[in-house]
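Two complexes are shown next, each including subunit A; its partner changes from subunit B in the first to subunit C in the second.
Now for the complex of A and B:
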């Protein structure tokens, strides 16, 4: 049993490293890197990388499809077993088949549903977010009054007030512009660089086989 | 057809906004409808734009090598289904390993060409103009990065691990810059959702008044 586990683990790591390195070389190495470029072109690594990327994309699409089938199965089961709130499952199944049915019968009607129903619901949800965000900012200062929370809400207020065309009170707009150009610019660069460096380290660790948590 | 869809759209918008009165069945019904619609559209796009073209260009060509390549994602999909089984779970890891390898490579290439190189190249833009502002940006970037690192730490006599006083101070300054950035992003999110709300209200007023 132990030998079998090791075999699968080694095979998994080998697949990760080989697929990862071929993809990196295929995507990153251009035509001006001398011997490495000649090697990549000669071995057809760019074509292999393209095939690997397409296989990965199709695999993800298939898993998405399997996920949707699972979603439908779960809700059909909820309807069949007449669980509480099965009414919502009926709405989900009906709306799913409405889209598929309309699309099969008349292709253009699928886009009418997308335009009128889906975009409407998503816009309403995004609009609803306004109240949640304002409520969140208001409760931060009430529940957790600290220098950080006051600073945070202060920045939010300056950016919001600065967005209003205030005319003679243009000083707020100037403060907002300075805030966005200097400290926010610096913080955003710091955060982006932090994310980039962390991703780089994590990616390299996966490609050299140090990170193997996917075997669990 | 469009008239019915418009009425349904208005009803669904009201159902979603009814959440302002608290969680209620109408809101949930609209959310479940959204999930059903989204699942339907994802199915259509996945099958029509991804799966059918793939199988047409590989399996249906009749050439053995193309058929082999075309069936690899199917094999990986089946292997991923094994992940639910305690006995065959290890086989499922093969497909996961492949996805992790390609995903890590894409992330690595993306981060190098999409973030690190452009940020390094545009760093010159931040150094034009006011010297004080340039200095603030420089300090902001460095201290923000210091805030995210936990390598330079020391052990206290009590056995706990903490940052050195210098790193604590620099990290604190970086934290201030990060909070400022997050505050600005939060305000931007409020402005965006406000714009969407105004657009929705405008749309419905136009539809209802006919002008």
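Now for the complex of A and C:
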């Protein structure tokens, strides 16, 4: 059993490393890098990379069916085990089959529920976002009393007041513009650079077979 | 892509590759001292509370995926979820892993399965503990679904690690109303800002990529953390040098 597990681990690592290197070289190396370009072209690495990407796209498309089955399985289980609020699961399954039925009978009618019900509810949720954000800003000083949280709330107030198009707030608007252009921009770039570096290192770990997710 | 970009791209990959291999070897011989990150320090407490109260933890990938810019973020989030699920496997109730992109569904199921298998409790593993909820416009449908399962499944705590936008506020506000502790991080700036405000223990930016180093004894994960730090200093030095050169040219 152990030998079999090791064999599959080695195989999956080998496949991952090969696919990773082929895709990186296929996407990154162009026609102007001399010997490396000749090698990539000669070995047909670009074609192989394209094939690998197509296989990935097809596999990902298939996962949509897995998702639908998962959604149905979760809600059927809720109904069968008579969990709290199982009524909503019944409504979901009925809506699911109703939309498919309507789509089969008359294509255009399949979108009626989507446009009249779902989009309206999502718009209402989008409006609620504002209240959730204000609530968050209001509670931060109560939950985490620190210099950072006071600073945070102060900046939020400056940005909100600065957005009001009134002459009396011209100074606040200038402070707001400076905040958004200099410290916010710098901080955002810092966070994004950090994420980019970590992503690069994580990608390299996949390329050399150190990533755990396909080794076990 | 011009030749300079291609050469630079290859050089950066080779540099990262070399540093990763060297630091992994160093980390195998000597354990590095890591600065404390409160979110990772709190994970045993989150898990302990979930086991004692017999309630599941909710672990969310958000709209991260396996086919785009957030692929490696998904791997990093999965590592964090693996570590949490592995600790949680001694309890009766398995954590719930949720996502709004179907490409992560088999991956999430495999993450949970591996965690339970590593503890010899594969009998406790259920596929339906990994759930896909459709995203909808701006992931609001997903946010509504997560807000509702907090009550329906009596969630004990939330860990949001993945790709989130402003919709994170709806989910976290629902958690706040139920007094559920939370850890949150996003690779999107809007989501990161909300995570910082709402979460009890926020992670910032690349800290999500360091879960393995903080929560396991893996030398390769430790090597990754050291590599990120080293490359960060290289980047800072490069920025300072470029700034100095541009100032000199300006003078």
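Some points to look at:
Just so it is clear, the second predicted complex is superposed on the first by the 203 of 216 C-alpha atoms of A that agree within 3 Å, B and C clash if a C-alpha of one lies under 4 Å from a C-alpha of the other, contacts with A are read in each partner's own complex, and residues count from 1 in each chain.
As a convention for this text, a contact is a pair of C-beta atoms (placed from the backbone, for glycine too) under 8 Å apart; a residue touches a chain by one contact, two chains touch by 3 or more.
Everything quoted here is computed from the prediction, not taken from an experiment.
In the superposition on chain A, A:146 makes contact with neither subunit B nor subunit C.
In the superposed pair of complexes, A:83 makes contact with subunit C only, with no contact to subunit B. In the superposition on chain A, A:207 makes contact with both subunit B and subunit C. When both complexes are overlaid on chain A, the residue A:133 reaches subunit B and subunit C alike. Touch criterion not met for A:50: it reaches neither subunit B nor subunit C.
In the superposition on chain A, A:71 makes contact with both subunit B and subunit C.
Once the two complexes are laid over each other on the shared chain, residue contacts for A:163 go to subunit B alone; subunit C is not touched.
With both complexes superposed, B is the one of subunit B and subunit C in contact with more subunit A residues. Within the superposed three-chain model, A:29 lies in touch with subunit C and out of touch with subunit B [touch as defined at top]. When the two structures are aligned on the shared chain, A:183 is found in touch with subunit B, with no touch to subunit C.
Once both structures are placed on chain A, subunit A residues 24, 28, 56-57, 60, 63-64, 66, 71, 85, 88, 118, 121-122, 125-126, 128-129, 133, 137, 152, 188, 190-195, 197-200, 202-204, 206-207 are touched by subunit B and, in the other complex, by subunit C. On the side of subunit C, the complex with subunit A involves touching residues 1-3, 6-7, 9-10, 12-13, 16-17, 20-21, 24, 66-67, 72-73, 75-76, 78-79, 82, 102-103, 105-107, 110-111, 114, 117-118, 127-128, 130-134, 136-138, 140-141, 143-144, 148, 151-152, 166-167, 169-170, 172-173, 176, 187, 189, 192, 194, 196-198, 200, 204-206, 208-210, 212, 218, 220, 223-224, 227-228, 231-232, 235. Contact residues of subunit B toward subunit A in the complex are 1-2, 5-6, 8-10, 12-13, 16-17, 19-20, 28-44, 46-47, 50-51, 54, 69, 72-74, 76-77, 80-81, 90-91, 93-109, 111-113, 115-116, 119, 126, 133, 136-145, 147-148, 174-184, 186-194, 196-197, 199-200.
Chain contact summary for the complex, subunit A toward subunit C: residues 24, 28-30, 32-33, 36, 56-57, 60, 63-64, 66-67, 70-71, 73-74, 77-78, 83-85, 88, 118-119, 121-122, 125-126, 128-129, 132-133, 135-137, 139-140, 143, 152, 188, 190-195, 197-208, 210-213, 216. Residues of subunit A that touch subunit B in their complex: 4-5, 8-9, 11-13, 15-24, 27-28, 51-66, 68, 71-72, 85, 87-89, 91-100, 103, 109-110, 112-118, 120-131, 133-134, 137, 148, 151-157, 159-160, 163, 178-200, 202-204, 206-207, 214-215.
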